[in-house]
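In the two complexes below, subunit A is the common chain; its partner is subunit B in one and subunit C in the other.
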Partner chain A sequence: MLSLNDITVDIQNSRILRGISLAVGAGELVCLVGRNGAGKTTTLRTVMGFLTPLSGTITFNSQPLPGMPTYRVAQLGIGYAPEESEVFGDLTVEENIEMPTWTRPRGRPALERVELAYKVFPKLRQYAKRGGTQLSGGERKMVSIARALALDAPLLLLDEPSEGLSPAIIPTISEGIASIRKLGRGILMAESNVHHIPDYADRLYVIERGEIIFSGKPGDVRTRPEVMRVITGTA
Partner chain B sequence: MRSHLLVLLLLAVLALLPQVAGQYHLTLMIPFFAYGIALLGFNLLFGYTGLLSFGHALFVGIGAYAAAAITSKLGLRSFELILVASAVGAFLVAIPVGLLSVRYTKIFFGMLTLAFGMLFHSFLFKFYDITGGDGGMRVLRPSLLGMDLSTLDKTAFLTGPFYYYCLVLLGFAGLAMWRMVNSPFGLHLKAIRENPRKAEYLGVRVRLYRLFAFLISAMYCAMGGAILAVSTGLADPELAYWTHSGNLVFMVVLGGFANFLGPIVGAFSFIFLQDQLMSLTQYWRFFLGATLALIVILFPRGLMGLLQDLGGRFRAAEAPAPQRISHELGTERVNP
Partner chain C sequence: MTSVIDILLGGLFHAAVLFLVAAGLQLVFGVQKIVNLACGSFYALGAYFGISCVNWALALGLPPSLFLPVLIGSGILMATVAPPIEALLRTVYRRDESFQLLLTFSLVLMTQDVLRIVWGPTPQHLGTLSMTYGKVAVGSVTIPTYNLLVILASIAIAALLGFFLQRTRFGRILRATAENRDMSAALGVNVKWVYASVFTLGTMLGTVGGALVVPTSAASLDMAVELVVEAFAVVVIGGLGSMRGALAGAVIVGLMRAAAVTVYPELEMLAIYLIVIAVLIARPAGLFGKAAI
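For the complex of A and B:
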């Protein structure tokens, strides 16, 4: 589904990504783990077309993505929930979730897509008429993920979905992500906290200073103390 | 529901106004209708899309000169034709101007639109043979819905059939804009204003939507310009001058760009405030400027924002005292 091969990205003459390669298959949950500043968000933004790689290839369902404008990447079927839980404050929760059904009208009927989003995060239904500015951080995060899901995207990019949330709300977000995976959607999740990585993740990539230093099953990473030291911040 | 009733009530008051108001004030209502229509479009770009243009007088000028060209040069008198020609002319000019301008935002967008406005003004000023130069072009009285009204004197025409024609036009223009801003298109514009990058993540074609908003605003401004030209009987290059673009901004800020009715309230307040100040002092521009400064400082959401705040306070005062619920005891007690 999504494949990054040897991606190199510079931002203002600084090399941020150095030959990143990773893959996400249909229905897979893949985690990209790394410390702050390691290059996780840059990787997701490069996939979304905000940054153009200096070298390497990115393909989504065999279609090359570099050079494609962001709106086209989204319309192809990649839903992005950024780290800042970007919810439109002037729009209601309902409008926020409906919006992708207008920008990507093909695929499943709009009503079905919106219902699916509410099914994943049932709590949002009671806030449907509430404005985006009246939501808590956790609720905003839910709206952000539900909105990406309403794009009817086969692949979702979730940037630190648990970042900055109270421990009470994290299980709700985790359950939502598990439900999305059960729907057969591929997920590439960037995460800085190794403890927030779901046990059912199919594959793990550890990124450090723009390089992938580990790829494999989540359980295998624990057998690599040097990698664990990096992702737990003790290196 | 309450706001719909209020709008209907206001339209009814405006419809009855010719029965009670004097002719002088009724003639002032024609520019109000013109600016009301123009500003509805202007605010789609400014209030809803977040792009502040300092050159939209260009399109007001196109509407006025379209009216002049059709009536004076082509000898056609249909006001419906004038409106269509104004809108089409503005649309055609707005395509290249918009394509170049919406690539930028904030001050760069403002300066670029200002530059295009100045270019057009220079064209009107210098190409005397085509535009009449500083003297402008005459706009002959048009027919309304095929009715030749040349037997009426000018005041009777403006305060009678033309008044009602413009009122209905403002109603339709407002209804069309209301539907637009509450449609997915309008919500896309709001999303773009709030955060264009975020909107792109969801598949919104930001530049295309900005261009659409630009084109629509240009057409509304041109229709307003056509009404202004008919009311004065002249297409004047000053209509396209940058100070006139400043007036459009002034009116929207005065009324409140965050509210749908703000531009209309702004147009009304500006016209009558200007008229009163002009009759009181030769330094009216000073007082008009001071008024804008005070409004921006004291009421940044404009007159509509002020009205909303007052309404909110009134409702809060009318509402029953809040009740505090004691969860521990499962009882309810009223605040002292």
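For the complex of A and C:
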């Protein structure tokens, strides 16, 4: 479904990504793990079209993405929940979640998509009329993921869904991600904490200083002490 | 008492026109973060083009009583200048405000020359056409019915704008884009199209404002700069980016100007800018100051 092949990205003359290659198949949960500044967010933002790679190819369902405006990438069917949630404070929770049904009207009916989002995060229903500025960090994260899901996208890019949240709210987010996976949606999840990687992840890529240094099953990474040292920050 | 009603009605008429231009300015700033000095040019273009359209319509045999719809239509038509200008402004969206101010001010100066070339240096006017609708008595004062119609039209436009921004899907998309254009794009919003639409709407408010004012005062080459000075007083008082601020600021500036003109005309600008300075000192963000629409 999504394929990145030998992607190189510079930001302000600094090389951030160096030949990144990864793939996410339909319905797969793939994790991109790395320390802060390793290049996880840059990878997701490059897929979304916020950054243009210097070289390499990115395809989504065989369609090349580089050079495509971000809104077209979203309309093709890639949902994005950024690390900072970026919930619209001037809109209510309900309006935030409904918005992708206005911008990408094709596919499932709007009502069904919004209901699905509430089904994944039932707690949001009671906050439906609340403004985006009146939410806690965990609630904002839920809205951000629910909103990406309401795009009716076959692939979701989730940037650090557990980052900065209280331990009490992390299980709710994890359950939501598990529900999305059960719906058959593909997920590419960036994560800096190796302990937040779900056991059922199909594949794991470890990124360090803009390079993929490991790819394989989540269980396999634990047998590679040199990689574990990098992602636990003890290297 | 008569003077008070005179000031009130005169001030509200001026506020009605000022509100339209300031609302366009606020809308463009709120969504696109561009301080658009060219709003004065749109106002002047609307005024000159409105006069020409009414004269053409009258020459074609249109009854004089239908000049108001012709003026509104000409204002809407003149807003077609917006898309190419917005395309030019795209080059400075992510640059320092000084680039935006320089570019939009150069548009003001260029428009002044275009007006001079097309319509000549002599002020243009519509004679006594505004009296076609007669006069109406308000207490002990009689005012042209046309002035009252413009005040009512402006109130209706303010209500419609409020409804559009708060209650419609496109209004919500505008507010979301104003807050975070990158996230809006990541949710499928074509930000370029939104910007072009907002700029066209903002321009239309200015051109319609200019068209509505010409039955009561002449269109002249310096009207763009004069209007920019007043429109900025409105946004500083009301708060940059706030639509309610545009309304409050326009009423304050309109009434203050009318009072000064009646009592001591030399104080017209001084009185307005004393309020601007007071607001800048006491409440720098303006009465409704927050950078959102």
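Here is the rule we use: the second predicted complex is superposed on the first by the 235 of 235 C-alpha atoms of A that agree within 3 Å, B and C clash if a C-alpha of one lies under 4 Å from a C-alpha of the other, contacts with A are read in each partner's own complex, and residues count from 1 in each chain.
By our rule, a contact is a pair of C-beta atoms (placed from the backbone, for glycine too) under 8 Å apart; a residue touches a chain by one contact, two chains touch by 3 or more.
This one's a predicted model, so the numbers in the text were calculated from it and none came from an experiment.
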item	value
Clash-or-fit label for the pair subunit B, subunit C on subunit A	clash
Subunit B versus subunit C as contact partner of A:Y118, first or second or both or neither	neither
Which of subunit B and subunit C A:M48 touches, first, second, both or neither	both
Touching partner for A:G89 - first (subunit B), second (subunit C), both, neither	both
First, second, both or neither for A:Q75, with subunit B first and subunit C second	both
Touching partner for A:P100 - first (subunit B), second (subunit C), both, neither	both
Subunit B and subunit C footprints on subunit A, overlapping residues	48, 50, 69-71, 74-75, 80, 82, 86, 88-91, 95, 99-100, 102-104, 147, 151
Interfacial residue positions of subunit C with respect to subunit A in the complex	169, 172-173, 175-176, 178-180, 182-183, 185-192, 292
Interface residues, subunit A side, partner subunit C - complex	48, 50, 69-71, 73-75, 80, 82, 86, 88-91, 95, 99-100, 102-104, 147, 151
Subunit B to subunit A touching residues, read off their complex	184, 187-188, 190-191, 193-195, 197-198, 200-206
Of all residues in subunit A, those that touch subunit B in their complex	48, 50, 69-71, 74-75, 80, 82, 86, 88-91, 95, 98-100, 102-104, 147, 151
